[in-house]
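Consider the two complexes below, in which chain A is the common component and chain B and chain C are the respective partners.
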Partner chain A sequence: MSRALLRALAAAVVGLAVLPVLGLALGWFRPPGLLAPPPVTLDRVLPLAGKTLALAACVSALSLALGTWLGWMEQRARYRGVRLLALFSMLPMAVPSYLLATVLREVFAPGGWFGAPLGLTGRFTGFWPSVLALTIGCTPYVQLLVGAALRRFPEAQEEAARSLGAGPWRRFAQVVAPHLRPTWAFALVLVAVYVVSDFGAVAVLDCEVLTWALYKARSGRDAVLLGFGIMAMVLPILVAVRLVEGRLEHAPGASNERSGTRRAPRRSALALTYGLHAVMIGLGFALPVAALTAWTLRGVVHGASFVAIGASVRDTLLFAAAGAVVTVLLALAPAWSNGRRRDRTARLLEHGAYVASGLPGVLVAFGLLQLLLALRRTSPDLPWQALERAGLLLMLGYALRYLATGYAAIKPAVLRLDPRQEESARSLGAGRFRRFLRLSLPGLAPGLAAAFALVFLALLKELPITLLLTPIGSTTLAFRVFDAQREGSLPDVGLAGLVLLTLALGVKLALQRWRTHA
Partner chain B sequence: MRLGVGLIALLTLLAACNGKEQKGGDTKAAPVSEAMAPAPATEAPKAQRLVVYSGRGAVLVEKLLAKFQADTGIPLDVRYGGGTQELADQLATEGAETTADAFFAQDSGYLGALAKAGHLRTLPQGLLDQVEPRFRDAGGHWVGTSGRARVLVYNPEKLKPEDLPRTLEALADPKFKGRFGWAPTNASFQSHVSGLRHAWGEEKARAWLEKMKAIEPVAYAKNGLIVTAVGKGEIDLGWVNHYYLLKQKSTEPDIKAANYVFPEAGDPGNVMMVSGVGITAHSKNPELAEKLVAYLVSEEAQKYFTQETFEYPTRPGLAPPADVPAIGDRLATIDQGALTDLAPTLELLKSLNLL
Partner chain C sequence: MTALRIERLGHAYGAARVLSDVSFAVEPGTCVAVLGASGSGKTTLLRSVAGFVTPAQGRIFVRGAVVVEDGRERVPAERRRVGMVFQDYALFAHMTVRENVEFGIHRDPDRAERVRGLLALVGLSELAGRRPTELSGGQQQRVALARALAPRPAVILLDEPFANLDAALRARLGEEVRDILRAAGVATLLVTHDRADALSLADRVAVLGGTPARLLQLDTPEAVYARPATRAVAALTGEVSFLSGTARGQVAETPLGPVALTAAAQGAVTLAVRPEQLRFDAGEGTSRVLSRRYFGPRSHLRVATPAGELGMDAADAPAPGTAGSVRVVGACAAVAD
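Moving on, here comes the complex of A and B:
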């Protein structure tokens, strides 16, 4: 394939991101449904936008503080179980936000496991419970980023400050903090975009923010306006992510890994650290596992007639696998093109891929749904129904949402390919296809497999695109959890949640092992 | 690498199983027939898959629909998700392009609205006659599949029956301020308010809703969540359909919640709501859809509704399940036409910022 053609293909893949935006715009002209849509006013959008921003600000601030503390202690302090706790701290990442939110809502209800002894009154939903759920979900990411930054930080500077008599707080503020600033900025925008895009936690906890309002509105100009409201909020953050990420890539001294000197912390610091670990791992992982198990067992003991989830397990695995394959194939074009040629266009394509993947899932799904309806209206004779039934719309939604995940895993593999080998093969008369099959593909295989596994893991847990675009007649585990929690059927939430968690954890652990041994 | 290969192998195997299953389903599909009773499994063209939009949750009706597939061999594709309101709206927007053959609604309100807008076809009289006249559309566009009594659910540790109002109107009592939950976005709630508009008149219904707003009700998305909330003590009482408590009791016998029927006979709070099904105007498989409708009002399906979802049968001659509230002699006389008069109700609820 010629370079120009490859680049055109890469541009076309990134350009797919226009489809949901186009669909969103076409939604404005959609004929009204059964009920007259509410009047379109900014009065409705602005409070939602304000609450969304407030949620993002609270979760970002808390995650940054907690993640930095835990990352710092993990890298610098010596205490019992530090390595094991660091490993366990990552477990909440396997728990989807809607599952965690369901568990928190139930256990903190007035008669719940924690709500009763704490004497809580009223429902555990809304803004602050959402802050709690999302903070638990986001802190491990910050902890990972801060930990990685601290591992790369030159030890000599800290030692020099120590020898000059600077205490731990002063050393942190004057020596370490300036080094961590780009990481914090990156973590901040990453968490902010995660929160603004989140659908699961805010839906379960009924927190009136843009994504949840968009899902509830679903049709009419009201929904279109909400969709563009989300875009107006997310796009600047995504651009900020790209800018900060660019700076991080070029940060000096970013390559010297070190196994820092660990010192025994003060007792108060130790107590705080153990307490935070207990809260984060306890609420983020142990509690969901315990609650889901208890709900399932309660159903079994009382002979509940569980919904059959065998087909949902099958559909979940099939859609996640097919979605991961499609995503990896689509991501290959920009990754290959950009890995081979680093110029302004390549950078633009890369930015485009990341920005496209940053659009919230509920927005992507809603936009694609509107596009399909518009196409069905304008060209009713084309086989739209067959395409929808084949799951193509779902695959497209998945691919758009996780294009960057696939891209990020494949591009380093492309960069590692040795062009000299290809030149030799060419000079020996090997054709383009043969060169790709014999030389490039084996070299790319680890990157492709990593991309597949990462996207597969994300798709197992994905909710909004799955809810809105799953082909009719199919149900996934994510849908099962969401449907059962809305019906108040906790045994069904328990069973579907446990299976989903087991699958996600299994893939995550396998991925971890594979990375360790790779 | 091995991980990726392993996963792909596993999924290929699953895909193969899936394919086999679907083929099996197709070969058993039934032919188009005029029979009202479920047909025995025979050959049917592969394209004839019946598409159902279900406003009733998968947790409640999936098993029954799976049994319909197994018993009749008619392959079924069911769209769940959202709820009755969202799916009815989607159906109306899709219009002639819809793929749906049947609409299975949690409540008759949206069936009525769809019928009024011309999105449902008239059912054969033979089908309509399967259920009691009070459980079907006077215009013949839909038929009731099960009945649910509107009740209060309360926490016996917080309230005694004598503390509860004798009429729905008296529910707007300041003593319940912040202690009461309802679900204004739910189809049953909206149908009941439609009924109140007809029973009380527009002005009284609006005034009552305004008084209710003053007691600061907690809004939930669904009835099941209200029952859980009462059981956990989040709120002391809520306005729901009766069967959610009975379903929850089956897995949580000690749940601290009880149903309550207004003691005054004929009170507009005592209403029997109807879940129902209709065939879409643009259905590509109306004959198969009729088979589904026939199945849902058959004795077998009616037994499912009484035993699995604890609802009242709509077919005459069948006994309601044990433990359902004895509401029969206290029901208000509100006809289905009133319960399905939805559009003005939605306007009213929007004007009060309840939606």
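Moving on, here comes the complex of A and C:
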């Protein structure tokens, strides 16, 4: 395949991201159905946007503070269990936000495990419960980023400051903090985009923000306006992520030098750290596992039927595997093209892939649905509905949402391919196909496998696209958890949630082991 | 008052003991170089003095005050008044040269004057507004030195200070640094594995060796080179060949003939002979040139002699295979094993 053709293909793949936006735009011109759509007013959208921003601000501030503290202690303090606690504090990342939100809602409900002793009377839903659920979910990401930045930061600079008489606060404020600033900025936008895009937690906890309102509106110009509202909020943040990430890659201090030595912390700091670990790991992982197990057992004791859980597992694995294959195949073109040629177009394509994948799942799914409806209106005789029934629309939604995940895993493998090997194969008479098959493919295989595993893991837990685009008659585990929690069927939430968690943790563990041994 | 005193210092990382029973002192205005092979505990010693490692045994005094004692830190690093110049300088990349130098004296009302004076001392007055990344390696080195000197420390520690510089620059900068430190009158502890740096810059050299590392010899550069106490010290301080012989007072009989001794001895001895003390006389003799490496003004020869294979310097360059005799000029030290 010629370079120009490959690049055109790469551009076409990245260009697919336009489809949901196009669908959204076409949705505006959709004729009203039997029921007249509600009036389109900014009065409805602006408070939702304000609440979304407030949620993002609260969660960002909290997870930045908590993640920085825990990251700092993990890298710089010496206390019992520090490594094990650092490992355990990543466990909440395996719990999908809708599952965590369901557990929190139920245990803090009046009469719940915590709600009863605390004497809570109202439903545990709305803004602050959402802040809690999302903060627990986001803090490990910040902790990881800050920990990595501190590991890269040369110990000698902190020691130099010590030898010049600077105490711990001055060392942190004047020497360490300036190096952490790009990391903080990156973490801030990452958390903000996560919160603005999140659907699961806000849906379960009934927090009136843009994504949840969009899902509830589903049709009409109001929904389109909400969709564009989300996009207006997310796109600047995504562009900011790209800019900050670029700076992060070039930040000084990245070195192989020895990182900071551990010192025994003060008692108060130690108590705070253990307390935070207890809350984050306890609420973020131990509590969901305990609650899901208890609900399942209660279901078993009361003779719940757990209808067709096997079919849900099959559908989950099938859709996740197929979605991962489609995503990896689509991501291969831009990754190959950009890995082989580093120029302005390559950078633009890369930014495009990342920004496109950053759009919230609910927006992607809604846009694709609107596009399908518009196509049906335009050419009613063509079998458009078959796209949805065959699951092709779902695959497209998955691929658009996780293109960047696949791309990020494949591109380093492309960069690692040694062009001299290919040149030597050419000089030995190997044609393009043979070179790809015998040299490039074996070299790319680990990257492709990693991309598949990462996308597969993400798709196992994915909710909004699954909810809106899954073919009628199929039910994934995520779908089932969401449905069951709305109907109040906790045993069903328990079993589906436990199976989902086990699958996610299993894949994550396998990926971790494979990376360690690779 | 002694600027730095180290008493019976010992340390281990887990089960691995790295330092044992090291004692010496550094007087104000003088420089002691700690010389040792990689892994000989030099860096542990330096970091113990700085306060970044708490040694398990022994005591360290800075200007007479104990700062660490048998595994207990008495004075933390930030209050020890011990300045340090790191191997890679560890300059704060986000600060200017002026801000770097000012960092340790931010509460000093006369800091502006002090920074000006120090930058003038290290010859960087013109570059005060630059960031470290805009400076050459030698300039960064001088900023690090000025920064360490700014709080008027009792002791300055130099950790392999010239390791990142090319040969020409390290020779020039080495002299500059020595002059600056002497002008400042500060006690200096220099850690290096480079014997040329140790011998040329220090007033005294402390040679570390063994497992765990012990102080093998502490003496002037001339003494550790010309009169090494042990084989290890002789090898660490320069290229050396060893000759077996029998000492009778000031002279020892060796397979190369009688050799003068630096100190009277009796009985079987091992002599440390430097390459420049050996002469090869082409012509009759039982020795033969095995190989020759040409360095311009001199050549280095490997010669098979009745005393075994020896390395020596020669002004002329006899070809491999040339026969002749080898003799020793000057006095040699008898070394312990």
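Here is the rule we go by: the second predicted complex is superposed on the first by the 513 of 518 C-alpha atoms of A that agree within 3 Å, B and C clash if a C-alpha of one lies under 4 Å from a C-alpha of the other, contacts with A are read in each partner's own complex, and residues count from 1 in each chain.
The criterion applied here is as follows: a contact is a pair of C-beta atoms (placed from the backbone, for glycine too) under 8 Å apart; a residue touches a chain by one contact, two chains touch by 3 or more.
Source: prediction; values computed, not measured.
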Handout entry: Clash or fit (per the criteria above) of chain B with chain C on chain A
Key = fit
Problem - Which partner, chain B or chain C, touches more chain A residues - result: B
Exercise for the section: Would you sort A:18 into first (chain B), second (chain C), both or neither based on which partner it touches? Expected result: neither
Exercise for the section: Quick one: classify A:163 as touching chain B (first), chain C (second), both or neither. Expected result: second
Exercise for the section: Please work out whether A:112 is in contact with chain B alone, chain C alone, both, or neither, and reply first, second, both or neither. Expected result: first
Exercise for the section: With both structures superposed on the shared chain, find the angle between the C-alpha centres of chain B and chain C as seen from the C-alpha centre of chain A, to the nearest 10 degrees. Expected result: 160
Handout entry: Contacts of A:491 with chain B and chain C, given as first, second, both or neither
Key = first
Handout entry: Partner chain(s) touched by A:87 [first = chain B, second = chain C, both, neither]
Key = neither
Exercise for the section: For A:154, select first, second, both or neither according to whether it touches chain B, chain C, the two together, or no partner. Expected result: second
Exercise for the section: Tell me which partner A:179 touches in the superposition: chain B (first), chain C (second), both or neither. Expected result: second
Problem - After fitting on chain A: smallest Cα gap, chain B-chain C, Å - result: 38
Practice task
Show which residues of chain A both chain B and chain C reach, each in its own complex.
Solution key: none
Exercise for the section: State the interface residues of chain A toward chain C in the complex, per the touch definition above. Expected result: 154, 156-157, 159-167, 174-175, 178-179, 252-253, 257, 261
Handout entry: Partner chain A, residues of chain C touching it in the complex
Key = 50-52, 76-80, 82-84, 86-88, 90-94, 103-104, 133, 147-148, 150-151
Handout entry: Interface residues, chain B side, partner chain A - complex
Key = 1-5, 7-8, 10-11, 14-15, 17-18, 49, 51, 57-60, 62-63, 66, 76-82, 86, 88-97, 99, 110, 113-114, 117, 119, 185, 218, 221-225, 227-229, 231-235, 244, 247-248, 250-253, 256, 308, 343, 346-347, 350
Problem - Residue numbers on chain A that touch chain B, as the complex places them - result: 30-36, 38, 106, 109-112, 115-116, 121-124, 206, 216, 218-219, 298-299, 302-305, 307-308, 314, 317-318, 321-322, 373, 376-377, 380, 385, 389, 445-446, 448-449, 452-453, 456, 467-468, 472-473, 475, 479-480, 483-484, 486-492, 507, 510-511, 514
